[in-house]
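We just call them A, B, C and D in the order they show up, numbering each chain from 1.
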């Protein structure tokens, strides 16, 4: 079973959950295709995978039209975690991106609101660590 | 043009929502609002990684005290999926009942607070009095007025006996009668209607664009409810309507909540009447999960609650991402205050049913510094 | 829509003649505790086998396994759980997980004091009761 | 000397130091008509400068601790602190979390501990009663 939106084919992982893995450069294209399907951005969940040297970003959309969660997975490198921001395509993404930046240290290029201390206490910010990374030591 | 920056909050005499709205005004008109939250992080996502699946159930419930059963439900149903266990039908019915009781008391609370914010203290006191009935029912079913903690992996912690079941049905009649009365008050009262309607309007397309959820989304005419779109617990068996309104203003949001609370009464009644026979309390305590990941969604009183749980096997979760409804509803609605008068800001803010402990999972700090003149929401709404 | 003024007046007047809904606590002992409410719980040492499951599962680390005092060795491991009520979140996971149902549950909520208390005294008193029997 | 004044009518201020809202809605519920401690002289003060008793809820973090300290300093003497709920007493489930100081008595002297998660409204009232017992006062209905 799969769900095709434009050029992108989402595969079904469980009932009402569809997922696709894309690269950083494809992200904005997928986001545009998903938004056309009456979807809102539910969450950006970042998972730290130090063994692979990656951080996996899960953009979880809920499509009101398809009644399904559309998960866009974007693996980024841990050393240089940069992805383009989708906050201009989905305005609801702005604060989620800020949260991920604060907790995981992923930089969203084009989001002007990024700042530390959105959630994290100042003493942790001063140490320069991102608390949800596995090696942060907090 | 002189733009004045007014920080609002966080010392509210009733609700104590520690959030700050930095409002820039030109005269009476609001030209910019920045929601400043997240003074500090309670670190729950990290804490869950450090604790076992079983301890996690209780920590998840303590993300938010008002909607704790739904938090536990979201966590537990995700973990159950990872462990490959299925709760019994009776357990599912009891879970549903607890979650719906919670929805009633949460909606009553915000209706009371909204009444207080617009200066209608009598209504506040009356609603709070009748809310005690719901709290009592919740205590009767779960054993605690606030933190239900009734979920365990594979079922519920305590069964519902016949005496309690009859008691619930009795009390529901009274609660329903009071709810209908308060709905009538919100519908017809001159002050409330004048204060709430045409304030903070969000159009259908904006609601989706801003990623709003729950009653806020449904008040803008979108029929989206996790309970019917993505059924969990016993919702696939329970008949209920999705309440929605087309106006999209603060008044519509409150009406959606009151309608929903009435619908919840029906759901609780249905679950109590049609409670399936069989066991509800599991005999074993599962401790290890298989590797995998799961996206668990639940309709909390404030909207869609989402947990993304990643497991690599073993006794602890690898990563738990919590996205609470208030996170989206509060932080993404900064633009909806623009063009309104300053006194409308607290009304709009309260109409999103803000729950700060949910939003930030933080240790919230009172930002009331001596240098600036901070105004309470209540004073402001009264033109103070 | 929105026509009624003083909509609560009738309700308020009706309430004037009714009995007040306020409960009398703490002047008289009139409380709203529902049957089966989760209050103070402590281990019954006549039943406890000292398995530590409750201490392992306690989300707040409120339970510490302490050594039984010398003459009272009621279980082979010689330890019993002490609940620190300052840390306890009254979730009753300990009660649920206990394999021998050794916890005694009560609905006592009046635990406020000038310092935090533990279940030590209560638990030890269960042995004394058993011993005298 | 000043203690005498508050024996019969303590004004309480509620400080949320990052609770899950559970304790907060119970403290709020304790002040509604159903429990109504106002008949006993207990009144909610909106401002630390008017308060005699501070009810602290929630697991404190470093920043909340600074705020609590400042609020405590602003409160006129004699002043008393009630730590309400497992989080304010010992950190509760959040004890091991990184931003949390987790004990109110590390920051300000605490007079009465009210255990519970959350303590029911009667327990909050009992805590206030306990405090007044210590001061030699009583919670009793005003003459009517």
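In the analysis below, a residue touches a chain if its C-beta (ideal position, glycine included) is under 8 Å from a C-beta of that chain, and two chains touch if they have at least 3 such contacts.
Note that the structure is predicted; figures quoted are calculated from it, not measured.
> Going by the touch criterion at the top, tell me which pair is linked by more C-beta contacts: A-D or B-C.
The greater number of contacts lies at B-C.
> Taking each chain's centre as the mean of its C-alpha atoms, give the chain farthest from chain C.
It is A.
> Based only on mean CA positions, could you tell me how far chain A sits from chain D in angstrom?
41
> Would you mind pulling out the distance in Å between where the CA atoms of chain B average out and where those of chain C do?
Taking the average C-alpha coordinate of chain B and of chain C, the gap between them is 27 Å.
> Starting from the mean Cα coordinates of chain A and chain B, work out the distance between those two points in Å.
25
> Rounded to a whole Å, what is the gap between the Cα centroids of chain C and chain D?
Spacing between the chain centres: roughly 21 Å.
> Where in chain A do residues touch two or more of the other chains?
120-121, 131, 138
> Hunt down the residues of chain B that sit against at least two other chains at once, touch-wise.
Within chain B, residues 40-41, 43, 46, 55, 58-59, 62, 129, 132, 147, 362 contact more than one other chain.
> Two or more other chains touching the same residue: where does that happen in chain D?
Residues 33-34, 61-63, 92-93, 96, 98-99, 117, 120 of chain D touch two or more partner chains.
> Check the chains against each other and report every pair that touches.
A-B, A-D, B-C, B-D, C-D
> Quick check on the complex: what are the chain D residues that touch chain B?
Within the complex, chain D touches chain B at residues 14-26, 28-29, 32-34, 44, 46, 58-64, 66-67, 71, 92-94, 96-100, 117-118, 120.
> For chain C, which residues are in contact with chain D within the complex?
My answer: residues 20-23, 25-27, 31-33, 37, 59-62, 84-91, 109-117.
> For the complex, which residues does chain B have touching chain C?
That would be residues 51-52, 54-55, 57-59, 62, 122-123, 126, 129, 132, 136, 139-140, 143-144, 147, 149, 152, 157-158, 181, 185, 187-194, 197, 285 of chain B.
> Of all residues in chain D, which touch chain A in the complex?
Per the touch definition, chain D meets chain A at residues 61-63, 98-99.
> Under the definition above, what is the set of chain D residues touching chain C in their complex?
So the residues of chain D in touch with chain C come to 33-36, 39-40, 86, 89-93, 95-96, 111-117, 119-120, 122-123, 125-127, 129-130, 134, 139-141.
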